[in-house]
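These are the structures in question, set out in turn.
Both complexes shown next keep chain A, but they swap its partner, so chain B is in the first and chain C is in the second.
Now for the complex of A and B:
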């Protein structure tokens, strides 16, 4: 840790350091880009992953919190705070050329806070309509409905983009650009399309049948969860996590609860920890089964969909018995879980892990070995390991590119360090590898469940929690391994009972960021299978 | 007159007064025997082959997929042919939150449906905005932009609730007048006159 400080001070003498959960480096805007470049490229630092990019409004200034991870330093994490006082025309240098994941993340920040990123190639809004007035996550946002009424008129297609380019003399020049060339043939896919797994819209330019470029138009299910959370108390914001990535409901909620518990300094009873981990793994299996079914269905193999759902229903039954709902379980609460396990829980889980190996064999027989599936998935949607890291593609998609990024291993939390399981890694870098990682992860999840099912300790299911949950002044960041990758929660508190800022760093947001990269050069028909193999959930992207 | 549904008894439905009122309305104006019988035949046909337009934006859509899978199997009721084009569908099943960016798209999809067309609002978000009601860009219930026929509450509704709602729609269709009388088309026009395209936010 101390060598980081020395190295950073050497590069940027003005930087100040605050010790905390992670080392917080505060730098001025003019020093930020050189520091970012050095952090990424200096030997001994090599912060190659931009884990989170969080827009902030500190009232007297606007800014961004960056969370950087260095895989070569044992996944060490630091945070960097960059603030600008100008509220009229805030500008920060873009880091999208260093970490490609910032391409979309900076657009999100621009959409919410109006911060313009210098040298970003494509500074358009991301979630909101292009005729939206104001920046909703700013603290002084005007909520007057007359400014942004419910418009039933169609939006203009956004063909024009703008880029703020720094000139050699230091002046910023506004350079207009085009999303597509004049001669491009653009095909519109979505937002209402059965195979985009929700309401995602792609605009793809094609040359014959070959995709030249994919422009992602998101925001068709942007519900403003982060802004809503700022006006709610901590226990009230928990339920949003179940409704973002509804296929990782338990993991997401586990993450938010852990972040709040970490800030409160709460000890969680062992029984609750075990129950949480078991629920997480059950959720992972159910999610991967759905992914299997949907990938198969997108390729036209409807039968496989029925097979996947058959076992998924068994898991939903387990959830229903204990949590009281099939989906949106609302099971984790601050301090533990809301209800004790159903008496049949152990029996049901044992039955599930007993039948799963046979069922997996069946899936492979039905679908994985199929010649059509192989032709449509193998060597399609290539994502090399370097790109997976640069775009921060975690979860099964990242591990399909042979990147060891399992948060349960690299940032262990809860009782995962005690458990014996393998991180599934495949080096195919294609859609098929991503698909196979999921199938193998089902086996590993079953292995975790088998270790725990007979060892659920007796005891409390919940720690004592004050009636009004208040967090001390500060900020916290927590990550978990959700079904689709690393899910992060950032909370900044001003000491009150409402959070000052909540940010959800969703894995699917990064996944959709590589659609352009993975689809280029492939057939237009493969766009659907690439999307299916990446397996993004749209409400998780849009939040 | 009872409105008969093969799958569920009349007394098992919870809101029979509403259907009775519709039956009364239907009988009040009277109808020619020929037209009446033809009406019945057509309504029988429509109500047993309701093809949905898949319009899932969030969690409810996953429950709808469960409905299509083997355990709940909506094919038993004639709902299974989920269409992806509005031109081929009978009703639009709004599953999930509708946000400002989506609203014009949804309205257009509705306009593309062929007559007779129906709307089902599934889940808390489509019914009223649900947990996202206070958000800056969420439509507070799809009935602000479309004339809704059946509401299915829940977050998300259970598959059984989906079936209940769909059977309600079947009952409603069985007492509609396909020819003349209370024309659905006029009612829809009335709705759109009250909900013009550019409209301020309510509440």
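Now for the complex of A and C:
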């Protein structure tokens, strides 16, 4: 930790340091880009992952919190705070050329805070319409509905983009651009399309059947969860997590609860921890089964889809018995879980673990063993390891590119350090590898369940929590391994019973960021395959 | 073996008894037309239920169960629904071609249906180039699909139509060569003679190895010709929403839908004609008793039964296999299937020339 401080002070003498959960480095805007470059490239630092990029409004200034991770330093994480006082025309240098994941992340910050990123190639809004008035996550945002009525016309100028380029003399020049050329044949895929798995929209320019460029148009299911959270108490914001990636409902909620518990300094009973981990793993199996079914379905193998759903149904039944719901379970609460396990839980889980190996064999027989499926998946949507790291593609998709990024191993939480399981890594870098990682992770999750199912300790399911949950002043960041990758929650508190700022760093947001990269040069049919193998869930992108 | 021809000639004589010749022909043509259209509809309805039930069983489901016993009336409900639906006309489409396209598709499949050997003496169109005629008519159908895709003024339909054009033109070659292989063995293109040639044994047994290869090639090519999975690229619903018929509604969509199912029956019918003896019962040379028992089963049952069996195979692998990609599909045809068909044709010619067949 101390060597980081020395190295950073050497690069940027004006930096100030605050010790905390992670080291917080505060720098001025003018020093930020050189520091970022040095953090990424200096030997001994090599912060190669931009884990989170969080827009902030501190009232007197606007700015961004960056969470950087260095895989070579044992996944050490630091945070960097960059603030600018200018509220009229805030500008911060873009780091999208260093960490490609920032390409979309910075657009989100621009959308919500109006911070313009200098040298970003495509500075458009990401979720909201081009004609939206105001920047909604700013603290002085005018929520008057008359300003932003329900517009009945199509969005104009959707092909127009702009870039703020820094000239050699230091002046910023506004350079307009076009997303697609006039001569491009643009096929619109979504928002109402059978294979975008939700209201996602891709605009693909094609040459015959070959995709030349993919433009992601998001925001059709944007609900402003982060904005809503700022006006609710901590127990009230929990339920949003179930509604983002609804296939990782338990993990997401686990993450938010852990973040709040960490801030409160709460000790969680052992029984609750075990239950949470078991639920997480059941959720993971159910999610991967859905991914299997949807991949098969998108490739045209409709029968395999039903096989995946047949087993997923059993898991949903387990959830229903214990949590009372099949989706949006609302099971984790601050301090533990909301209800005790159903008496049949152990029996049901044992039955599931018992049948799963045979069923997996059946899947391979009916779908992945098929020559057509192999030809459709192999060498399609290549994502080399360097790109996976640069775009922060975590979860099964990142591990399909041979990047060891399992949060359960690199940032162990809850009772995972005690458990015996393997991180599944494949080096195919293609859709087939991503698919196979999921299939193998089902086996690993079964292994975890088998270790826990007979060892659920007796005891409380919930710690004692005060009636009104208040967090001390400060900020916290917590990550978990959700079904689709590393899910992060950032909470900043001003000491009140409402959070000052909540940010959800969702894995699917990054996944959709590589659609353009992976689809270029492939066929239209491959675009669907790649989407299925990346397996993004739209509400998780849009939040 | 009962000859249905006695019924039809008796009916012909009955009409001739009190009508002039030209009127007899007119009346007979009208009756035949009504019968063909009726058969078409009934078969289409049956096939829709057949496929829905089969795929449900493959997928651990029950299929339609609510309307009628075991859901038997479901297809009638669906048919009435589709008849009552509005024909939506769209802005900026080519109105004339848009409306013409479904009729071209359905006409080509009705004409093919009329060429099939339904039973002993139940042949509607019987040219000396019968099978050649069927191939020619089947190629007209692709025109309707291309027109539908073009006239809809929609990018999905256009891509679907282009795929369909590329696919059908490619796979027609293998289809034709597979049929040609059998024609070399049979020495005739007349459908009636083709059936009678199989009196001793079906072609798939008479032609042994090359005939079995031709049968397999035919099944693959026929699946591609009918746009069914794993070759359902023109309407790949996960990529192109519904492909070339995305913009159609009501009975216009219904025509594409019916033609698709009937084409499945027709290619199965041609398979049973070319390989499995058409309406000819299973005959094993030397087993006279067995052959006589087989003859007791009416020829029309043999034909329809065999066709349903071949359709079952095609439905089976549609619901099992994923869809291939356009470049893989074309590579498969031009690099593997067509050379194999050509080699197989030569093999069959050698077998016939040297008398190496039964």
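As a working rule, the second predicted complex is superposed on the first by the 542 of 543 C-alpha atoms of A that agree within 3 Å, B and C clash if a C-alpha of one lies under 4 Å from a C-alpha of the other, contacts with A are read in each partner's own complex, and residues count from 1 in each chain.
Note that in this section a residue touches a chain if its C-beta (ideal position, glycine included) is under 8 Å from a C-beta of that chain, and two chains touch if they have at least 3 such contacts.
In this text the structure is predicted, and so the values were computed from the model without any measurement.
With both structures placed on the common chain, the touch criterion links A:128 to chain B but leaves chain C unconnected. In the superposed model, A:520 makes contact with neither chain B nor chain C.
In the superposition on chain A, A:228 contacts chain B only, with no contact to chain C.
Of the two partner chains placed by superposition, only chain C is touched by A:209; chain B is not. Contact with both chain B and chain C is seen for A:194 once the two complexes are overlaid on the shared chain.
After overlaying the two complexes on the shared chain, residue contacts for A:409 are found with neither chain B nor chain C.
By the touch criterion defined above, A:321 lies against neither chain B nor chain C after alignment on the C-alpha atoms of chain A.
When both complexes are overlaid on chain A, the residue A:306 reaches chain B and chain C alike.
Comparing chain B with chain C, the partner in contact with more residues of chain A is B.
Common to the chain B-facing and chain C-facing surfaces of chain A are residues 193-194, 305-306, 310. Those residues of chain A that touch chain C in the shared complex are 185, 187-188, 193-195, 209, 296-303, 305-307, 310, 366-367, 370, 372-373, 375-376, 523-528. Partner chain A is touched in their complex by these residues of chain B: 54-59, 61-63, 65-66, 69-71, 84, 96-97, 99-105, 107-109, 131-132, 134-139, 144-145, 155-156, 158, 196-201.
Those residues of chain C lying in contact with chain A across their complex are 55, 58-61, 155-156, 159, 229-230, 232-233, 236-241, 319-328.
Those residues of chain A that touch chain B in the complex are listed here as 127-129, 136, 141, 143, 145-146, 148-155, 191-194, 198-199, 219-225, 227-228, 231, 239-240, 243, 246-247, 290, 305-306, 309-310, 312-313, 316, 326-328, 538-539.
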